[in-house]
Amino acid sequence: MDIINIILVIFFAGALITAFAAKISSIVQDILFIGTILATSIIFFLNINTNTETIINLSHINLTLGLTPLSLYFAFIVFGLAVLAGFYAVGQMQGKKKKGYFYFNYLLSIAAMFGILVSKDLVSFFIFWEIMTWSSYLLVIYNGENVQKTGIKYFVLSAIGAYSMLMAIVIIHSLTGSFLISDLISGFNNMSANMQILIPVLLLTGFGVKAALMPLHIWAPDAYSNAPMSYTAIFSGALSKMGIYGMVIVFLTLITKLPQETLIRDIIAWLGAITAAISTLWAIKQDDAKRLLAYSSIGQLGYIVVGVAIGTPLAMLAGLFLAFMHGVFKSTLFMVVGAIEKQTGTSNLKEVTGLIRKMPWTFIAALISIIALAGIPPLGGFVGKWMLYESLITSNHYLLVTLVFFSSTAAFLYCYKFLFGFFLGQEEKEWSHVKEAPAIMVVPMLILSLISVVLGSFPQLILKPINSALSYYSLPDTYNNLWKESMIFNKWGDQVALTPIVYGVAIVFIVFAVFLFFKNRKTSRYVTTKDISTSGEVPKEHENLTFKENFFQPFLRAVEPAMKRQMDKYMLAFAKGLEDLFDFTRRIYNGNGQTYAIYAIIFVIILLLLSNNLFS
Amino acid sequence: MYNDKNKQKIVDIIKNAARKHSLWVLAYGTGCGAIEVPATMTSRYDAERLGVRGAATPRQADVLLITGYLTVKTLKRVIRVYEQMQDPKYVIGFGSCTINGGMYFDSYNTINQLDLYLPVDVYISGCMPRPEAVLEGFGKLQELIGKGIANGAQQYKENLDFYRENQKKVIKNWDFQDYNW
Amino acid sequence: MVGTPVLFIVIPLLAAFIIPLTGMVWKNSVRIIPGLVLSYMLALSVSLMWHITETGTVVEVIAGWKPPIGINLVFSPFSGFLATLMIFLGLLVWAYSYKFKRNVDSEPALKYFILLMLLVTGSVGIVLTGDIFNMFVFIEIVGISGYGLTSFYTRRDSAEAAFKYLFMGSIASTFLLLAIMIIYSQLGTLNIAEIADKMPMMSNKLKVISLIFFILAIGIEAEIFPLNGWAPDVYTQAPGPIGAAFAGIVVKSAIYASVRLVYTMFDLSGALDLFIVIGLITFIVAETTALRQERLKRMLAYSSIGQMGLVMVAFGIGTKEGIFAALFLIFNHAIIKSLLFFSGSYLVYNKKNKFIKHVNGMGKYLPITSILFTIGAFAIIGLPPFAGFWSKLAILTAAADSKMLMLIAIILTVSILEAVYYLRVINRIYFFPKKKSTEAKKPTLNALIVMISLGIIIMVIGFYPDLITGIIDRAATDLMDKTGYIKDILTINN
Amino acid sequence: MESLLMNILGAVTTFLLAFAVGMTYGGLRRKIVARVQNRYGPPFYQNFIDAFKLYSKSTAIHHGAMHFLGPAFIMVSSVVSLMFIPVLTNNQWFPNLNFQGDLIFLIYIMVFGPLGMALGAGQTGNPNSAIGVTRGLSQMVGFEIPWVMALIALMVQYKTTSITGLLDIQVQSGHWFMFENPFAFSAAILASLGMFRYSPFDIVGAPTELASGPMSENGGKFLFVMMSSGSVFAFVKLTLIVDLFMGGASNLIILVIKTFLLYMIPVTYGIVSPRYRTEQSITYFWGWPLFFGLIAIIYAVFF
């Protein structure tokens, strides 16, 4: 049996066994769960080979599985996050109900993501895509709140995406007579002009849903915030990247062959940028950390879409690099929220304050990830942002880059809100009992933040596989042109050398930290946050002085016009209208036999009247 | 410590020179004296030319300016503010009320003698002292600082028990943190 | 050859008459004999299916009168496939309801099983017969047993539903008879093959009129819009498993009849387009209506109607891929909808109104039933890796191959609605708190076995559709081959 | 090794220069403001005295690790951005640590500081600090947009994103970009008003309103570091604008003259203006400055 099949079989079998292992013991279940993920990852990482190809023969369809360099790159993200979030999940799920349900769907969605990545034909792609959709759907409704609203919204949007993809798939089959992606690519030139537009648009709709692109994003805030955080780490970190993965393929192989190439690229890029801007504003408004991060995820995916859609080599590098980075830091942040929620019981930024001294390791992970998210040098996020801006500027997208820059700057606001809300501010008595999260949860977060740090000075670790992935789709080699070791260049030859920057920043930081910290360490005394200058007043223990309400109110007031209209509301109103309409059709069946008889007569009469037109 | 008058090292001389020309004032506008402070600071008398400048919070301030009578209630706040200030720090008692209670000497809730509760470096007498007097007072404080003998904070630290005893006598709801720096 | 097709009619009819007699002697025989008969029939049909792969279509001549004079039964890959499927479902329904009314006296059970036998017999007869008048007779048999089963619970609502069914059924019979009369008067024959052979001789106008009458008559049985008003009531009021029987057996036979009409008998070019239009309207109306239902069984009923509309659409595409897809969908729908009816009736077991809200929180109390219902729902939505996906893919591929892009778009859009109402139920099963007043009724062992085996079939077909696609492919080829059909029957000489 | 040592020495020299110039400018500003208000005003070296006094004050209390690290963060921002700016056109006297960085990098490293300080301010637990920080960050979103648009206009016009590249073009051609693309210059200047945070944009530290905002819990050495970083940062901003728009400076005197003239813009604008509300301050930058930015880009693309 081939290695891909083995991995898939282990996944499916592991999922089933884990689901029912609860009957034996909870620990056995944990071990099985971790074992499945570890086994598959180890098999995968030990046997990476882009040449293998497995064909499953069905009578009328051949399912072809195999790895490409691009899918290999995304498989890194999936497996890496799956292992780390898996360990984290074991910690987070301690003592929770429906563990088997969670583990089952978790493993299944990882398997599905792996399946998507190894699919070389569209049917198996779609099969795994749908498995991913429903397994993630089952996890979105895991905690049972708002299932009818959140879950259905997620599923309907996913279905819209998946079905438009399915439509594209069957059209492709009818045109090329094959489901293979390679046949689509080679046969695309021969299609009629309408089909050449229709197919990419349908495919992009499908991928756009998972990538939470602008009009199709409305599921994301609810779904991300409702799933258990250990899964949202995967959901936002890896699952959304499947949409990006599909988009990358579409843009690299199909859109390039179109006469309207630039138009489609610009439309999608603008959609991505507007998504980023608007969702950033909404993220600023949120008071629940989960929703904040959910909106932030949408925004970050917007940047990635911009990069992928623009599609110059540098933009592609930027998009794919950001995809990796987003997987790393956003899943860390979701894990942080999960850890805090586990320890305090709430994820509301207004309620929890001053955990920095209670949960220092979590804070470090959060701080590093937030800095990476904000794109501030010297961490990994900066590299991606830099490449994105440079690619936009060098490819003449000036207003786009301004918009992206706006959302990127506005992102500082929610970054600060997140850190301040949870960790800084007044230390309240209410949370004095809070302890650091267990090691099994903290260590994955720290490992992920370490990756953010490392990628800030050694981006070549990731740029190399991206480069080979892009070369596979016959983009020019970017090594030496756009990056070289830890240097990154733009088209005009301007460069940033990352390692010296990191050293410089580190040296200056250490100098002043030493100056401030070690010099004052002896003489300086820690005082509680109650001991602050409050016009001489002595705050009581129960008095909460933290600034929480209307955190960015002036800013939100300034950007109010942009936030007046909400896609979500329109969509819900539309859905409501549809349901009312269906209620009307329901009344066709009024339960009266005589009416039905009349229907029958009318039916006959209509047919007779139309018979001349119908039967020629 | 810093303000020991007998052992002024060269470093201390330089530091004191800087300190005396950079007095950041936290004006605690308790009584009617608060009205004189703006006059002192603004264009006519312009205390800033002497390096005297307002500070926003006690953490940043050097001088605590107590402008007028203190009630029991405000005394508590004043002590709190004083203890939040960082060394070196000075107190200026402003107006007669801080010296002997002034016209409120027989009120049931005013403090007659600020000295008992906080170490005052310089008193400015008058009811109210005019801006000229205030500037004179700042000048006096600068002189003391230059000589290294404006060491009220030192006194406060050494005689903390005495001050605490007096403070607790009038302040019934005592909920301060320890003062140990 | 192990047996002849005539046994499919004779044995169950015989059994239906014998059961009351044996029931007097040994009460349990009422329950056991139908099972034995159905098992025998299943074995027979499977072996016949095996047989015809080698020898080709089997044509049984009744009483030695050759067609076109005599009545003949045709066991072709197409009709054989449907007959096997129906018998299999009949067996499942029997197994599921084996303990039906166990603790009451045997009379209701007797009625139930006799009517069930007749229902299966009639449906199999419709599929196998090669004579339209004979088909009329079988339709009547199915109808009568259907009325009986609908009014099985002697309640007001059941009676009303049965009456509506009867009412519509008699309209159907009238028009069917009229259509048959027209054809007989014009062509002088009732044999389907010969009618097909002679059809060009008929005047176009009469052809159209008779086809319309046929469509009306069979459309009532096939639950096409707007002739399906009776169906939801019947599904709701009949005993739980009978819903599955209707969805899986009766409707399939009616679909068979209409397909036979259009593909074999009539040579009207617009008929297939009519199929697409009617099927699509049925699909859309049924699915949108299902979205707003408050009762579980009504919802399943509308869903079933919708799926039948989709089947008609697939038949209407007219290519071999279309027929393949339609048959695949028929098969999938039969097993999946049976599973849904079976498990669904346990989820709302003890409630009279069987509202959807009564499934709240059942996931905790009836875990296996709930999981099976979920599998069924996922399968019928068309999510891989369950069986329903492959048939949906087949339909869409067929439509795409015929360049019907709007059709694909409409089918997929409506499919989203389908997903919505099934997921709403699933969400309720797992995530809503159970009401105190509802009681969970554990499924009996035989029911559980039936449901689990259905679930396993769904999963297995989902993972390995090749198990069934070969048979369906042969059936589709057979249906397309009109001249072969005529030749097989008219040149028979035994 | 020797070159590295020279580099470090040069960096330290640059830092000291920036510190001195920034402090002096701050003192001069106080003097000018005083003269406008018909006061005598403090001596121009008053800021040095204040800084030294702050340095000599004890730092008796702290609120935790971030309280320490916040000022360090902001200092990193100032110093590192200083290192990336060519102070003089001939790099002999003040060689930067020659890490090659470009404008995008500079923009990001410049916002690093406020964010770091925000963290430090956050841990103090003082509500005023947090309010000040939120105002500051909001305002930053405001002025960054025209600022970036101005820079993009330059980058587009001259097909480089490197500061030295832009500077070299000006030096070689002899044309200053403030005349080549006046709209970009206007946008940048208007944006720089916000960067300096003098009134009417002094909403962050608003002394009477927020008790100096983010700095309200910082005394002594914390305040000293913040103050010096502010001075260095002022120098960085001025030098950057001089480099980008005014052809750089070939020696210190020219640099001082140019930067001082530039510095007078926010100072004089500040003297005559009262304080904006926060949202006014944000939307201010989305009015004329943004318009100028747009025009600058259009100008750069089409002319």
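We just call them A, B, C and D in the order they show up, numbering each chain from 1.
Everything below uses one rule, namely that a residue touches a chain if its C-beta (ideal position, glycine included) is under 8 Å from a C-beta of that chain, and two chains touch if they have at least 3 such contacts.
Bear in mind that the values here come from a model prediction, so they are computed numbers and not experimental data.
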{"item": "Comparison of A-D and A-C (more C-beta pairs in contact)", "value": "A-D"}
{"item": "Geometric centre: closest chain by C-alpha means", "value": "A"}
{"item": "Where subunit B and subunit C are represented by their mean Cα positions, the distance between them in whole Å", "value": "97"}
{"item": "Distance from the mean Cα position of subunit D to that of subunit C, given in whole angstrom", "value": "79"}
{"item": "Chain centre separation in whole Å, for subunit C relative to subunit A (CA means)", "value": "44"}
{"item": "Whole-Å gap separating subunit A and subunit D, where each centre is the average of the chain's CA atoms", "value": "36"}
{"item": "Overlap residues in subunit C, where contacts from two or more other chains coincide", "value": "none"}
{"item": "Where subunit A touches two or more other chains, by residue", "value": "523, 525, 527, 531, 533"}
{"item": "Junction residues of subunit B - those touching two or more other chains", "value": "57, 59, 181"}
{"item": "Contact graph of the chains (line, ring, star, complete, other)", "value": "other"}
{"item": "Contact pairs between chains, per stated definition", "value": "A-B, A-C, A-D, B-D"}
{"item": "Residue ranges of subunit B touching subunit D (in the complex, touch as defined)", "value": "14-15, 18-19, 21-22, 24, 42-43, 46, 48-49, 51, 53-54, 56-57, 59-62, 85-88, 181"}
{"item": "Residues of subunit A defined as touching subunit D within the complex", "value": "354, 356-357, 367, 371, 374-377, 382, 385-386, 389-390, 393, 396, 398-399, 401-402, 405-406, 409-410, 412-413, 415-416, 419-420, 423-427, 487, 490, 492-497, 500-501, 504-505, 508-509, 512-513, 515-517, 519-520, 523-534, 545-547, 551-552, 554-555, 557-558"}
{"item": "Subunit A partner contacts - residues on subunit C that touch it in the complex", "value": "163-164, 167-168, 171, 175, 204, 207-209, 211-213, 215-216, 219-220, 226-227, 229-230, 232-233, 268-271, 273-274, 285, 288-289, 291-293, 378, 383-385, 389, 393, 396-397, 399-401, 403, 405, 408-409, 412-413, 415-417, 419-420, 423-424, 427, 430-431, 464-466, 469-470, 473"}
{"item": "List of subunit B residues in touch with subunit A within their complex", "value": "28, 57-59, 74, 76-78, 80-81, 84, 175-177, 180-181"}
{"item": "Contact footprint of subunit B on subunit D as seen in their complex", "value": "30, 34, 37-43, 46, 49-50, 52-53, 56-61, 205, 207, 211-212, 215-220, 223"}
